[in-house]
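The following pair of complexes shares a single chain, chain A, combined with chain B in the former and chain C in the latter.
After this line comes the complex of A and B, so read on.
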């Protein structure tokens, strides 16, 4: 039971860290950004390549992978996402999905299709109430909690955070003050992308990495963002852990249904809070950027 | 200082402003009145840079601004207060003022003092979420936010709409206090407010400027103005 709970908390932590950027892009730009999965998987592959060069110092390879992906994220924002603002929702899906596919092909081309395992960087088992659990998973969970509070401080105290919060609600109001919202969305986008890589790297020792890993987590993360409310970062945190627990508990009972249950929960949330309002919010954006 | 020169504005294919020209002299407070759907909001939005005219020009102090993005127009000293009374409700009252101060490059303390001089009660809820403010307080916060950084030109869309008589008095007091220091174009349907504050009035109808009133006697005559609404 304890290991199931811990597994749920670990998956919840990864989903949360990955979903932040997706939620911000949904909320600010009203764009469904599949490219987030590309940043995530390419970042993890870079991390795996950096590991031997950095004498297997996990945090160093992780920092390098994140740093390497930030300029890529910037370019995606500047040349793809920003141009899609105010265009039809379908264009955004097609264009960012293309980026996701290109990423998967690039990974296959460079690293091949074989799954890439990463060993647990801590490798310290703990015995809690007679059950063996991995300290690493506790660390992953705690990282998400720390991140949650760090982001809260950023969004409530730092002026850039406040600008993003204000723009999530009233983009035109921010522009009318003389602030170039694109610049702040770009900063938020790059931070969110860096976090996607962080989530992917933290997840690498728990799973095995493969070229299509970005597709899988994206689907789960869309459920997280929809359940948590687009652009609602506290909601994202809670829903990531709720869905993480759903995956862990379902997985224990009947493992092939684990992911399906996530979408059952999402469907229930959408039934209560009709999908029409979700689609309307995406469609009802202004025609003028 | 501001010249709007025969502009046409459309939403997609629907043209809503036809050959509109207005001008504003330094220090003037000009009001725009007209029925619902006359195009008043569209006119302010276009000056603020949120809509682009398909024909005609807009110039501020002799420089063309009709091709600029809203944030660029704002940085040239134009502040637009929209009709919907939408504040940044997830931020505190102080946070709302802070963003305006940051954008305008004005020290926060000065910006806070400026807004509180309009409405001293804000002192008690600086740390409250702005979403909890009443409609009148929101409007005052929006006007205060717009005054941060001493803009050259204020564009305010229906500041008293939907407010109780007593709050309208507050807004009236604030607008008349600004009268000597800033130039403004204000859309307003409350004719008693309009007639007491206006230097000139433009009357809009079906996307056109129907009349311009400059004679003080005409401006004071609310019964006559009523005919245009």
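After this line comes the complex of A and C, so read on.
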């Protein structure tokens, strides 16, 4: 049971770290950004390539991979995402999905299609209540918690964070303050992309990396963002762990249904309002009272 | 007085709908101008064009003698143009004071790097003093630490105006500042506008014409995207075209 809970917390941590950027892009720019999956997978492959060069020092290779992907993220924002502001949702999906496909093909071209395993950088097992768990997974979970509080401080104390939060609420209002809102969206986008790479690298020793890894996590992350509320950063944190636990528990009972259950939960959340109004109607109260 | 802001044949279409149609609109420096018109007549679209939120389909906007048609909203704010919105725009997730401090952020960023190194503390002190002054002007100083989400709609409107005032504008564009307010709150906002109107040029969109006839020196009337009448408020309200578009044909003449 403990290993199931820890697995859920680990998956939740990865989903949270990956989903932050997606949630901010959704909330501020109303853009469904599939390119986030490309940044994630390309970042992981760069990390795998950097590992031997950095004498297998995991944090160093991770920092290099994030640093290498930040300019790529900036270029995606500057030349693709920024042109999609205010355009129809379909254009954003088509354009960013194209970036995701290009990323997957680029990975296949450079690194091939074979899955790439990464060994556990800590490799220390812990015995908790007679169950062996990996210390690395505990570290991944704690990283997400630390990141959550660090981002909270950034978004509530730092002026750039406050501007992004204000823009999540009212983009035009921020413009009226004389602030170049696009500049702050760029900063938020690049930070979110850096976190996607961080999530990918932390996940690499738990799973195996393959060219289409970005597609899989994107679908789960969209569920996280929808359940948590688009642009709601605390909601994203909670929903990532709830859905992580859903994956872990379902996987233990019937592994084939693990991902499906995530979308069942998402569908229930989307149906929440109709369900609530149905319940209210049964009780004879007005639907929106 | 020279025109502080002027437009030339300004037009904006959304697909087949012409929202603003070849409008020539001028406001001399120091004037309080009103823009009235029925719902959907293009008043807010005109404001969005003046403040840079929309790019015009044709025509141009000049502000302080410079062509600003292609300037984004933040650049126009930097030149001294502030605006408020029809639906009050303040940040509920921040406190009243944080709303104001955010508005002063762009001014603290201005100037050269060397200049900001030497003068940053002085500039910060001066912009924060402007924020405090704006808060006192709208009589919200006692609520500085309150979360904006807890304010009444009238106080939110006052805060929005305070934010605009703290930007030290040369031109203030107010989009229906009385909408959604109680009679008491309307009185407070009007009193405030009378107190501050001499500090800048003011353009105000309003539906409640009777409330602003004392405030404005000139009225412009829009209908179906075009300016149909301009002039001194008394004369404009007696204009047969204006009376027809506002009250229909069956109205008595002035």
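Just so it is clear, the second predicted complex is superposed on the first by the 272 of 289 C-alpha atoms of A that agree within 3 Å, B and C clash if a C-alpha of one lies under 4 Å from a C-alpha of the other, contacts with A are read in each partner's own complex, and residues count from 1 in each chain.
We take it that a residue touches a chain if its C-beta (ideal position, glycine included) is under 8 Å from a C-beta of that chain, and two chains touch if they have at least 3 such contacts.
Please read all numbers here as calculations on a predicted model, not as lab measurements.
Trainee: So if we stack both complexes on chain A, do chain B and chain C clash, or do they fit?
Mentor: clash
Trainee: With both complexes superposed on chain A, which partner does A:162 reach: first (chain B), second (chain C), both or neither?
Mentor: both
Trainee: Looking at A:272 after the superposition, I want to know if it touches chain B, chain C, both of them or none. Which is it: first, second, both, neither?
Mentor: neither
Trainee: In the overlaid three-chain picture, which partner chain does A:175 touch, first (chain B) or second (chain C), both, or neither?
Mentor: Both partners, chain B and chain C.
Trainee: Taking the two structures together, which residues of chain A meet both chain B and chain C?
Mentor: 159, 162-163, 165-166, 169-170, 172-181
Trainee: Which positions of chain C touch chain A when the two form their complex?
Mentor: Going by the criterion above, the answer is residues 51, 53, 72-74, 77-78, 82-85, 89-94, 98, 102-103, 105-107, 163-164, 167.
Trainee: List the residues on chain A that touch chain B in their complex, please.
Mentor: 159, 162-163, 165-166, 168-170, 172-181, 287-288
Trainee: Which residues of chain A touch chain C in the complex?
Mentor: 159, 162-163, 165-166, 169-170, 172-181
Trainee: Which residues, counting only chain B, touch chain A once they are in their complex?
Mentor: Touching chain A from chain B are residues 11-12, 48, 50-52, 69-71, 74-75, 79-82, 86-91, 95-96, 98-100, 102-104, 145-146, 149.
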